[in-house]
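The first chain written gets the first letter, and so on, giving A, B and C; residue counts start at 1 in each chain.
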Amino acid sequence: MSHSVVSARSRCLDWAFAIAGGGAAVGTLGTLAWIIWDLIRLGISGITWNFLTGEVESAGRGGGIGPVVVSTLLILGCCLVVAVPAGMGCAVWLSEYVQRGSRLSRAISGGVDLLASVPSIVFGLFGMTFFSQVLGLGFSILSGGLTLACMILPILVRTTLSALGNLPSDLRSGAAALGLSRITALQKVLLPAAMPGVLVGIALGVGRALSETAALVFTSGYSTRWPASLGESGRSLSVHIYDLAMNIPNGSSNASATALVLLILIFVINLTATGVADLWMRRLSATE
Amino acid sequence: MSRSSTDRFFGLILGGVAIFSGGLVLLIVGFLILGSFPILESGRLANLFTDETWRPGSDRDPQFGILPMLVASFLVTLLAIGIAAPLGVASSVFHHFYLSEQLRRWNRRMLELLAGVPSVVFGFWGLTVIVPAVNRIEPPGQSLLAAALVLGLMIVPTVALTSQAALGAIPNYQLLAAAGLGLGRGQTILNIALPASRNGIMGGILLAIARAVGETMAVVMVCGNIPEMPSSLFDPVRPVTATIALEMGYASSTHQALLFAAGLLLVLATGAIVGWLPFRRNENESAVG
Amino acid sequence: MMSDYLPPSFESARSSKITVSDLSVSYGNFVALRDLNLEIPHGQITALVGPSGCGKSTFLHSLNRLTDLIAGCRVRGRIRLDDNLEITDSATDVLALRRHIGMVFQKPNPFPQSIRRNFEIPLREHGALKSEIPEIIECCLKDVGLWDEVSDRLDRSAANLSGGQQQRLCIARALALNPKVILFDEPCSALDPLASAVVEDYIAELRGRITVVIVTHNLAQARRIADRLAVFWVREGAGTVVETGVASEIFKNQTDPDAKRYLSGERG
C-alpha cells in the first residue's frame, strides 16, 4: 500500500461526497427556486390592488380575494388568541412550576409531543365533530380558528419551553434572591429574556396556521362572502387555492396569484421573526 | 403573604392550562374512537381487509375494502422517503463539510423557507408542473409517481434540517481526532461523522415519514384519487388521508365511522413513529453512559 | 415607606445578627450539612472557608431560603435573624425575608435588560415609590463606584458591562433593597484579578453598615477582609463548622488539625 494510492482513493471519496451532496443541495434549493419562479411567472400579473381587496366573482375565476384575506386573518386571530396564551402557559408551568422529570410533567410533555404528530386531516375531523357539531359552532371562522389553535399548540409549547430552558439558571436564583415573587420573576425577568425564542415560535405557528388547508375545509368551510362575524363560514387563502385548483375549471391563474400572495405572506412573517430574534439576541449578548 | 397566594393561584391556572394541553391529544383520540364505534360495533371490521372495493355509501351492497388505500399510503410514503432521505442527508453532508459559514447560513435559511411552503402550494405546483410532465410519459399523469415526487420534495427540508443539526452536534474532539489520524474529508464523513450522527439522522427520517403518512393536501391534488390497487407507478391511487379529505363532507352513518376509523389508524401510525423517537434517544443515552 | 428605602449609607446600624442552631440540610439521601451551629455577629464580615464540597454554598443558600428552589432539599434546625425572625419557619414570608437578606452570586447575574430596569424590577416589587427610585439608583451605584462609569447609560443593557462592572451592579442591586445582611457566594472567583480587587474593596467598605457573609476559596482574600472566620470541613460524610472565631486569631492559632493544615496551605 503506497502513499499515493491511499490519498487518491481518499480524494475520490471526497469528490464523490462533494458531487452527490452538492447536487442534492443545489437540486433542493433549485426546486424551491423553480416553484417560486413558476408562481411568480403565473401569478404576478394577477396581483393588483383590486385583486387583493375585491369580491370573489364567479366562484373565484374572476374578481379578487378580499373576503378570503379577511377570513384568513380572522381565523388566524382566533387561533392565536387561544393558542399563544395556552401554549405559553403550558410551557411556563412545565418549566417553572412543576418539578422537571416528575410523572405529571413527563405525561404532559409526552401528550404535547403526540399532539404534534397528529396529521392535520385528523385535526379537521376532530374540529368538525367537536367544535362544529358538539359545541354547535357550525362551519365558522371560530371553529376553524380553534381547530388551528389545537394544531399549533405543540409548536408554541415546545419553543417557549426551550427558550425558557436555555436561560441561564442564575437568572432564576438572582430573581429569587432579590425576593421577587414567581409571577414578577416570570413577567419582568424570565419571559422578556425568553422573548426571542417565543417570537420565533409564534412565527412558526402563524406560518403553520396560514399553510393549513385540510383542517379548515370541514371547520371554517368554503364561503366566499365578506365575513360579518366569527360565527360565519369563511374560506382561508389555502382553501381558496385548493378549491380553485381542484374544483373550478380555469381557476388556475387566480390560484397562482393567491398562492403567490400566501407564499409572500409566509416568507415575510418568517424572515421578520428570525430577523427580529437575531437582532434581539445580538443586543442582549452584545458583549460576553 | 398575599403575594405568595397570588403566586399559588396563578400556578393553579397555569397547571390547568398545561393539563388541558397535554390531555388534548386524548380528547382527539377519544373522539376518533367514539366516531368509529359504529364500525367496531357492526362486527364488520374484517370487511375492511376482505372486501375488494370501496363503496361505503352504497345502500344495497356496501363495500369497505380499505386495503388499496393503505397500500397507496404505504407506497407513496415509501417512495417519497426514498427520494427525500438520500437528497436530504447528502445535502446536509455537503452543508456541513463543504460550505463556508456564510453559505451555510443561507442554505439553512432557504431550507427553512422551503419547509414553510404550504402543502397546498406544493400540491398546486405539482398539479401544474409535475402532473403534466408525468402525463407526457404515460397518462393520466395524476398518479402514484406524481404524489411521491411532490411529497418527497416536500419532506426533504425535514430530513436535511434534522441531519444538519445531528452533524453539527458531533463533538469537535471526534473530528479533531480524525484529522489527527490523517483522515481525509471523505473518510471522516464516511467513517466518523455519519456513524456518530446516525441516530439524529434516523430521527429526522422518522419525522419525515410521519409527516408523509399524514400529509393530505399535496397528495390529494396530484394522486388521481381512484381507490384501486395500483399496478404501476403511473396508476392513480388514493391514500388514506385523501380519502378522508374527499369524503368527510358528505359521509354519514357507517361511512362516516369508517373515516373516523381511518383517522384513528393515521394517529396510531404517526403516534407510534413519533412516540418511538424519545424512547430510542433514551436507550442510546443510557448505553453511552 | 420613604425611610424604609433610604440607602444604607444614610443610615447606621441597620445590620443584623444571625444565629444558626443545629442546622442540617440534605438533598434526598445525601446529607450536605449536619448539626451546624454558628453565630454571625452584626455589622461584621464573616468569611466561610474550606475545601470544595463541604457545604459552604448550601449553608449560604439556607440563610435566605434559596434552598426552597431545590427540589428534594430538606432543611432542619433553626436559623434566626436578630432573635425575632425565624428564617427556617415555613410560615415566614420568604419574599420579604430575601429583601432583608440579599445575595450576590459567583457569576454576575444582572437581568439582561437596562441597568435602570435591574433596579426598578426588585424595587417596585417591594413597594418603593417610583419617585424615589432614581435617588436610590444613584446612591447605590455610588456605593459600588459605578456611578461615574454608567450614569450616562442607565438605559443601556447591563449585558454590555464588563464582568467586574456587572458584579458591582449586582452588589448595588442587592444594596438597593436596603438589606440587613448580604450573602456573597465567591463573588470574585469569576473575575480577573484587577476587577476582583475592586469588588473586594467595595465589599470591605460594607463593614459596619451591613452584616456580610462571604464564601471564598481565596485565603488571602479572607485574611484581608474578614473580621470573623468559619472553617467548614466534612465530618462523618457531612459538612459542618470545625473552627470559628475572630479571623486574625484563627489565622494565627487553630485547634482543629484539619483547619490547621488547610489554613497553612498544606495539601489535604
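Basically, contacts are C-beta pairs under 8 Å (C-beta built on N, C-alpha and C of every residue); 3 or more make two chains touch, one makes a residue touch a chain.
All figures in this text were calculated on a predicted structure; none of them were measured in a lab.
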Which chain's C-alpha centroid is most distant from that of chain A? C
Compute per-chain Cα centres, compare each with the mean of all protein Cα atoms, and return the closest chain. A
Averaging over Cα atoms per chain, report the distance between chain A and chain B in Å. 16
Can you compute the centre-to-centre distance for chain A and chain C, using the mean CA position of each chain? Integer Å is fine. 46
How big is the gap, in whole Å, between where the Cα atoms of chain B centre and where those of chain C centre? 54
Chain A touches at least 2 other chains through residues 181
Multi-chain contacts in chain C, i.e. residues touching at least two other chains, fall at 94-95
Would you give the residues of chain B that are in contact with at least 2 other chains, written as numbers and ranges? 3-4
Touching chain C in the complex, chain A uses residues 99-100, 168, 170-181, 184, 188-189, 192-193, 283-288
Can you check the complex and tell me which residues of chain B touch chain A? 3-4, 6-7, 10-11, 13-15, 17-28, 31-32, 35, 86-88, 90-95, 97-98, 107, 109-114, 116-125, 127-129, 153, 156-157, 160, 183-187, 189-190, 210, 213-217, 220-221, 241, 244-245, 248-249, 259-260, 263, 266-267, 270-271, 273-275, 278
Which of the residues in chain C come into contact with chain A in the complex? 64, 66, 69, 71, 94-99, 102-103, 105, 107, 109-113, 117, 121-122, 125-126, 157, 159-160, 162, 170, 173-174, 177
Note which residues of chain A are touching chain B in the complex, please. 7, 10-18, 20-25, 27-29, 31-32, 34-35, 38-39, 42, 85-87, 89-90, 92-94, 97-98, 107-126, 128-130, 150, 153, 157, 181-183, 207, 210-214, 217-218, 238-239, 241-242, 245-246, 252, 255-256, 259, 262-263, 266-267, 270, 274
